[in-house]
Amino acid sequence: MDAHSRTARDDSRLARWEDHVELPLALGSLIYLAAYAVHVLSPGMAAIGHDICLGVLYTTWAVFGVDYAVRWRLSGRGPSFVRTHGLDTVVLILPLLRPLRIVKVYQAMARRRGVPRLSLYARVVVYAGLATLLLGFAGALAVYQQERGAPGANIRTFGDSLWWTATTLTTVGYGDVVPVTSWGRVIAVGVMACGLALLGAVTGSFSSWLLQVFSREGDEQPPGS
Amino acid sequence: MDAHSRTARDDSRLARWEDHVELPLALGSLIYLAAYAVHVLSPGMAAIGHDICLGVLYTTWAVFGVDYAVRWRLSGRGPSFVRTHGLDTVVLILPLLRPLRIVKVYQAMARRRGVPRLSLYARVVVYAGLATLLLGFAGALAVYQQERGAPGANIRTFGDSLWWTATTLTTVGYGDVVPVTSWGRVIAVGVMACGLALLGAVTGSFSSWLLQVFSREGDEQPPGS
Amino acid sequence: MDAHSRTARDDSRLARWEDHVELPLALGSLIYLAAYAVHVLSPGMAAIGHDICLGVLYTTWAVFGVDYAVRWRLSGRGPSFVRTHGLDTVVLILPLLRPLRIVKVYQAMARRRGVPRLSLYARVVVYAGLATLLLGFAGALAVYQQERGAPGANIRTFGDSLWWTATTLTTVGYGDVVPVTSWGRVIAVGVMACGLALLGAVTGSFSSWLLQVFSREGDEQPPGS
Amino acid sequence: MDAHSRTARDDSRLARWEDHVELPLALGSLIYLAAYAVHVLSPGMAAIGHDICLGVLYTTWAVFGVDYAVRWRLSGRGPSFVRTHGLDTVVLILPLLRPLRIVKVYQAMARRRGVPRLSLYARVVVYAGLATLLLGFAGALAVYQQERGAPGANIRTFGDSLWWTATTLTTVGYGDVVPVTSWGRVIAVGVMACGLALLGAVTGSFSSWLLQVFSREGDEQPPGS
């Protein structure tokens, strides 16, 4: 068996693996996020509850690690896998960024259903909007965890944290509530960077979609003729 | 009569209905907004005045509901109507967002007049700008209603609320006046999301229009030659 | 002589008029802006100085009015002129917005020189950047004039006003200095609206230009081959 | 030898010079930035350390000047070189803006490697993102140097300065930390202008790339068929 056919077989096995695990992994992401949310938002919970949450967090993380290792193995590539799968590597290290991967799940689901129902721009708006919501929720949780007990903090409730996230993702930035701790600020910069790119995609696609709607209108015949 | 021709007849009846009601409904939206504005901005008005405003509000809302039901019926579709007419469903539940529907009125009016007079980009700028103004006004009213009496609020007059709306829609966000109540913040997030998308359309189209003007200039012959 | 040839003759006379006056009018805009700047920035100047400034302001404004009237007359159109020349009408009423008209001067100068030297995107960046600078300067002056003596104002020097303008035009909006008077806020909203559209054009064109540079790079042959 | 062939020979010599010096100059830029960072961030360092830093700063600056002079000479042009090489002139006067020139180094490296590996949009995102990071770091250093000792300053640590830079480049602008000195504000306006353009390129390209990914998805055949 020559190298070429081995790569082709590897590719097909890799595609089959991804087909089988993407839905469970997406579910795993949501479980991870839910466990993290319960852990952060229930300070008064019994110690056993926090232990369960942390157990779920580490288990799902381990599952993500196994998936990454299997895909690396199946790809039949050396260290170059880490570089060419940059997004995968990043979301392995920072699992809260996993929502960014839903584009793959979305693609797979669209593939199965056959022809997509929404126009191109609408799909980008839906995908980027969904990723923004999930990332924003994860960011609000992470910043809240850092700021909660800090002296002089003005993010005191999770509601404040959600409000801060909304003003940050839209780049409005009132500054009435802001992170004051070092780690809170580091997470905030990450939220800004991701959110800016994703919301740029939303507004850009919405703008293109509006242009499309208006340009179609000009070609249309009046219904009464 | 087979299913296909029934759908075709339904479509034609639906189109005729929409042709007849769109102008009255647009008028209804403006009446709704005006009644809401009078209700919110006249705290000193006699009780009978507020009762009239609320009566107008509920009546116009009921009219919107009837129109929605008729269109659902005429479309001959089942529950899928709710999903495919997402914007219609949203503006039925939140009538203050109705200005977003003016794109349909605009299209219908442009159709009747025949050839549109403005270029594509100019039309998008005009439509999105108009929708932004109406939505901004509705948002300023709604936030003002929430914040007016709240303890520690810094949006104290309707002028403050308009100023807050302008700084929010342009994503400048000084933070000198900000909503502090929970509902005020929820409405604010809605204003941000809608405004961001609409203003993105305005700036994107303006930018494209400017590029068009400048690229045409290069092709033009000097008038003296 | 039929209506068509009269319109053609009118058009040619209008074009000739615009060719002759556009440079003087652009100069007039700068004189207007300079007189306004001296009037606002020299509170300690003798009364006679302020009278001269105001005289220059009203004279240049009158000149703009005469030009508008002549062009209306030469166009041979009725009231529709006001609508089709919307930008001209706006800059007649608000002469501080006149810098927006430099696109016409720019076009005329480019026409005379023949082939433009800069690429399309570079020209848009230069034009929109220049218009932003002039409008920003005019806006900083106007806001400073309103805020200067107001109780509780935090725009106290012209430097503060320039800093406020820069943070507003870029939509950063720190909120450390903000207008507090009603007229200051009205002007501020105008600055936001204009600046947003113009800077959107700058960033959009810069982005397109960068894409062009990078896509050309891919086609290029290495110089050593 | 006629003028044309002399120009051609000049161009080839200029290209050869640029090929040879671009990598050393990029290294020089980083050394300049590093020396500036050590100078600014180590106030407690012995006087000799600061002298070494300043020595490195002036030496690298002189090297940039020599390169500029040689390229001017080799181009065989007169004063028009200053105008046509605007970016080069700007980064000679303000060496902290040098990171903007990495596009040339990047192009040269891509040329040597042959076919580029990344798609067009990905390359623009990487280039503009890298330039933003370097410019942001340089801007944070420069603002910190101005604000450090100023009375009433709220940028007191380099961490504050980095946080301020991040909120400024993303146009969020909370306003919790802002420059208060005149020079700090001048630098801040420069950071805003550069950052806005570069980040606009990042978001624009990311948006285009996302559209590309989603439009490709629609054409793809399901892997199982």
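Things worth noting here:
Per-chain residue numbering starts at 1, and chain names A, B, C and D are given in the order in which the chains are listed.
We take it that contacts are C-beta pairs under 8 Å (C-beta built on N, C-alpha and C of every residue); 3 or more make two chains touch, one makes a residue touch a chain.
The model shown is predicted, which means the values in this text are computed figures rather than measured ones.
The chain with its CA mean position farthest from that of chain D is B. Shared numbers divided by all numbers used gives the overlap of an interface; between chain B and chain C this overlap falls below half, so the copies present different residues. Chain geometry summary: the mean Cα position of chain A and that of chain C are 43 Å apart.
Mean C-alpha positions place chain C and chain D at a centre distance of 30 Å.
Contact with two or more other chains is made by residues 167, 171-175, 204, 208 of chain A. The touching residues of chain D, counted against chain C in their complex, run 12, 15, 19, 103, 107, 110-112, 116, 120-121, 123-124, 127-128, 167-168, 171-175, 178, 182, 185, 188-189, 192-193, 196-197, 200-201, 204-205, 208. For chain D in complex with chain B, the touching residues are 171-175. Put simply, chain B touches chain C in their complex at residues 159, 163, 166-167, 170-176, 199, 202-204, 206-208, 210-211, 213-215, 217-218, 220, 222-224.
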